[in-house]
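Mind looking over this structure? Questions follow.
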Amino acid sequence: QEDEVVRIGYLPITDATALLVAHAKGYFEDEGLEAERPTLIRGWSPLIEGFVSNKFNLVHFLKPIPVWMRYNNNFPVKIMSWAHTNGSGLVVGGHTDITDFSQLGGKQVAVPFWYSMHNIVLQYALRQSGVTPVIKAQGEPLAPNECNLQVMPPPEMPPALAAKKLDAYIVAEPFNALGELMAGARMLRFTGDIWKNHPCCVVCMHEEATTKKAAWTQKVMNAVVRGAIYASENKMEVATLLSKDGEGYLPAPAPVVQRAMTVYQDDSVYQDGGVIHHQAEWQNGRIDFQPWPYPSATKLIVEAMGDTVVSGDTTFLKDLDPEFVANDLVNYEFVKNALDANPSWVNDPSVNPGDPFNREEILKL
Amino acid sequence: MVQLKSKPENLRAVAPSADTGTSPVAPRDEADRRYVEVSGVGHSYSRNGPTVLRSIDLKISAGEIVALIGRSGSGKSTLLHIISGLMKPSDGAVRIDGQRVEKPSPRWVMMFQAPSLYPWMTVAQNAGLGLKYAKKTEGVDARVKEVLSLVDLAEFADRNVQDLSGGQQQRAAFARSIAPEPELLLLDEPFSALDIFTRRALQNDVREIAKRLGLTVVLVTHDVNEAVQMADRAVLLSSGPGRIAGDTEINVSEADRVSQSKKFQMETTRLRTLYTEIAGLG
Amino acid sequence: MFAFSMFAPEPALSRLWDMLLSGEVWEMSIPSLYRVGLGLVFAIGIGVPVGIAIGRMVVLREVTNIPFQFLRMISPLSWMPIAVMAFATWDAAIIFLIAVAAVWPIMFATAAGLRRLDPAWLKVARNLGASPLHQLTTVILPAIATDILTGIRLALGVAWIVLVPAEYLGVTSGLGYAINDARDTLDYSRLAATVVVIGIIGFLLDYICLKAVQRLNWVRES
Amino acid sequence: MFAFSMFAPEPALSRLWDMLLSGEVWEMSIPSLYRVGLGLVFAIGIGVPVGIAIGRMVVLREVTNIPFQFLRMISPLSWMPIAVMAFATWDAAIIFLIAVAAVWPIMFATAAGLRRLDPAWLKVARNLGASPLHQLTTVILPAIATDILTGIRLALGVAWIVLVPAEYLGVTSGLGYAINDARDTLDYSRLAATVVVIGIIGFLLDYICLKAVQRLNWVRES
Amino acid sequence: MVQLKSKPENLRAVAPSADTGTSPVAPRDEADRRYVEVSGVGHSYSRNGPTVLRSIDLKISAGEIVALIGRSGSGKSTLLHIISGLMKPSDGAVRIDGQRVEKPSPRWVMMFQAPSLYPWMTVAQNAGLGLKYAKKTEGVDARVKEVLSLVDLAEFADRNVQDLSGGQQQRAAFARSIAPEPELLLLDEPFSALDIFTRRALQNDVREIAKRLGLTVVLVTHDVNEAVQMADRAVLLSSGPGRIAGDTEINVSEADRVSQSKKFQMETTRLRTLYTEIAGLG
């Protein structure tokens, strides 16, 4: 049982970078583990189903998904580390003249998943701008201060935006980059410019692995942490490596992935468009890789989920204590060991080298 | 056409007309004009296919009942289709009432060997179909009732045609054919599937109805008995490329047609002998 | 297995009961029925006349065979981006996808029915003086009604297959949406309950078709 | 409009040409053909015997009608979670989804064919001393071969419909995968080229079926 | 059963047996035992449906050719199905060669009214089917050739059966029936769809073949001519719930069966009179 093969499931988005780099660079083999080539899945639902049915033992999920799995569905999932930070954005259609969240009133906006950081950040920004997020059926009238949300598979978003069926969408890369390059979309704001160094995707494993296969799990986490650090230090190279023109983990071509991972504060369009507000102060990138799962962020997400409009039954959230979740859902042991073994992780711009394991959550429009 | 006496030796041997492809239509004498005129009709189903009919000349007077006798494959059905306008002949032409036949018309109605009733309709709906097509609105119900009574099916008017016996179906098809008051009735072996008693009764009925209404009838059959029972004249088709090989009157009084009389038997025997000879020749 | 045990009959049925009581079942069913219904209306409106035309005209059948078979085989889901671009509303795009998938069984069943039509029936009608319109209404349509309905029954099955991925597209109502939503929220008892609702509605629609077949069917079963 | 003009024939065809030259067309087609083929094999293996059984036995037909119609109407895509759970490999799950969708047209066409079977043919065979196996092989199967093939033709269409969403699941090859991939990257000339490939393959498969129908068909067309 | 002289007044009036539901099967005398014994057979198609056959008693000797005559709906086909074992009678029983008939057997083969050839097979394949079912491997080809020659179809062996004319199809069906060498042949109006010449030829052929091979034959027909042409004995069924209303020998010499002889005509007339009487009564 100790020599179980590492089976990774992932979605074709840059969120999976740490896992993919760990595989591409042979870090699992370095740890003496056997790893299958990661399996590409097209949607969160089949990824969850594949994880639950044990087809995968190492996956990345949007951060709120494991909250749901563990507390609504009682599935023993554990967050092992963060997969990356930042790395998402909200783009608006070229047909609109939206320059500010307050102008999203009366508009249609797509989110990739109800239980996503994207939805939380979007709704925070809307509320801050005096817009009420709602979920209404098509054709139902919208008040001028209401913004209608809908879930949409990311590949559908750029064509829908181009066809003017959407006014904006918020999603992970590379769909922002694709929208910008191929569907005439304009970047409104990066999520990492609203919530400083927010977590997006997290690395998850079965709880059983942490209790019954500790040694194996430690090796896996060592490899994942190394992957994250390598990605943090070599974004351009990693983008090429993951793209269709490299190892082909992602179907997107190299220029798209490169844009999604590197083009940020230096881009003149972003500067002129006033897209980036806080970079000078926060020092973050378009996407960053640091694995430590700050408990403060977990607590904030659990708190925010309570105020976030989603469809479905959310009653279980009412009894959920953020403090408890931060301790119960996340396993800190293995990632901590791995980070201690790889101290260069503190060099990521999103880490405070002075107090790398603690931080204060900052949300600011 | 000279009316012949009803003796075997009086069979008028019909000389095949010269096989010139299209037979020239001679200028017709008004006095000699008949109700149906088939002139020089020849047919083959495909361009280079075998000839099925060759040089058919046939004239039928109004009100006459003509039996068309011939073996299987001699082209009887083909000829009937051509007369009805459902099929165009390769050669020659058909005129009805002086008018060239180009397409089917409710004035000359053909009744196929199988009843071909519409199974999704009642008996009355089937019978009234020709009137519906003619966009008649008045008196339709009365006419349907009338023709159904004529074939003794009045009480079955609202039945689905599939709930009729074979004989009743044949009669319903006959009612459907005569409802639009056609002038000419083309019957293709209409009673072949019936047992002898039902058959005998229908043969009598149809002859009686046709005579009463003054209909012209062409009856295709391979049953000599049926021809004698029903027709005023018998036309015999030879096999091979079908040709008219004989044309003879049937001289049996109305009374004799019904019973198993001597006269009837004689006439049957005479016709069967003719038929056998021609079949042997054909 | 954790959440997935919710597929078991007991939680699914109790969930279904809740959804029935709250009226949610109607809320989710009506938009889907509207989309499937309209998609089928278009499929019938195109499939039946074209089916009759290619059933009657051998030339037309041969000319159209290649493009039709070609189009038929393309998953309507690959049309999705085109549908999204081409139609002004999401509903229209979904209805288009359903119609594109459902038109083929109807067209083919109609054409097949026409080829089985007894030629004597048409001869009799022409003989009795039927105009082409008369032939259509009194002979062709009644004769092939059950074939058309068989096509519609198959089309119904195909329409439901397409509905689920089609309602991924930007709408926030309907059964396909409910399925996708339930999967997204790991709500498997709701998923199973929705599957049961789809099954029941599909069955009822099929039952209506079957009753119509029985009404219009003039073939006596032995 | 930006990338979407790539659906136009010109870029699509030039892209197709590239894909042909690079051999990519075969790489993507073969796995899908394998999955569709195996799915159809299962659909035929289940659909034909069950179709014969329900066509022959009125009782069985009536007992199974409700559950079968019910199952038939459920989009195979709602089975996805179950398929993912139940099958060890992704390929198996995909094949299951295809088979589940394709089995119904085959089963129904077989049963319908059997109901049209001339009862005299079976009487003659029994009379001449045919065992049930003999009746199956010398009478039933030859008599309904074209009906079964018609069902398979329809099933083929349905299988292709399901293939695209089914190849959402953890495989990295195949035409559905290529379509999803192209959609993920907004590479619409590639999408259009793949659609053309699907159309051609579907057409060829259908053509094979049609040839088989013509071979096995003993009905003389008028 | 006493053989009666062939005169109308000699018709043995068959008293309907008491209608006691099931007719008790009397202990049978070995000497009186016949090849086919139908005892007290009654039938209705559904539990409370009309009675179609009532108290049929019929004995047939080996090698005998019996014509079963009756109007449409009198139950002729039903009786044949029961004798063949394809249908179970509601009452009574059938024994063939002393053995109770429970299911069909290749020893007694029925030929249906329609040829029911398998259109996906050639003539030879159709004809050899019974041998295939009997798992014969040796001499199959020779036997098929033999039976096809017998019905004059040797040169059509490899044709698809759909390319045969109606008469040829009937003959192929007949060849298929006799190929497995049955002892008893049950023919249900086998020639009804043929024209008179083909029919006459087949009637003679079948009688000749049956006599040569010593087959027992039951021939269902409503054509009196056919009965006289082919059968040794005629059994007349009354309509309504079918009952045996008459049983008479046909006394025509082999030579007379072929020609239109006086004797043949007399016999036909006699039988027709009987039939008419019964039909009138029925």
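When the chains are written out, they are named A, B, C, D and E in that same order, and each has its own residue count from 1.
Just so we're on the same page, a contact is a pair of C-beta atoms (placed from the backbone, for glycine too) under 8 Å apart; a residue touches a chain by one contact, two chains touch by 3 or more.
A quick note: this is a predicted structure, and the numbers were derived from the prediction, not measured.
Chain pair with the larger contact count among A-C and B-C is A-C, by C-beta pairs in contact. Of all chains, the one whose mean C-alpha position sits at the greatest distance from that of subunit C is E.
When chain centres are defined as mean Cα coordinates, A lies farthest from subunit B. A straight line joining the Cα centres of subunit A and subunit E is 86 Å long.
Distance from the subunit B centre to the subunit C centre is 49 Å, each centre being the mean of its Cα atoms. Distance between chain centres (mean CA atoms), subunit A to subunit D: 39 Å. Separation between the centroids of subunit C and subunit D, computed from CA atoms only, is 17 Å. Shown for subunit C are the residues that touch two or more other chains, namely 1, 4, 80-81, 85, 183, 188.
Residue positions of subunit E in touch with at least two other chains are not found.
Across the assembly, subunit A contributes residues 45, 49, 52-53, 156, 159, 162 that each touch 2 or more other chains. Every pair of chains that touch is listed here: A-C, A-D, B-C, B-E, C-D, D-E.
Residue ranges of subunit C in contact with subunit B, taken from their complex: 118, 120-121, 123-131, 134, 138-139, 142-143, 145, 216, 218-220. Those residues of subunit E lying in contact with subunit B across their complex are 71-73, 165-167, 192-198, 222-224, 279.
Taken together, the subunit E residues at the contact with subunit D in this complex read 84, 86, 103-106, 109-110, 112, 114, 116, 118-121, 129-130, 132-134, 160, 162, 176, 180. The part of subunit C that touches subunit D in the complex is made up of residues 1, 4, 7, 66, 69-78, 80-82, 85, 101, 104-105, 108, 112, 115, 119, 150, 154, 156-158, 160-165, 176, 179, 183, 188, 191, 194-195, 198-203, 205-207, 221-222. Residues of subunit A that touch subunit D in their complex: 9, 12, 39-43, 45-46, 49-50, 52-53, 55, 154-156, 158-159, 162, 178, 182-184, 244, 251-253, 256.
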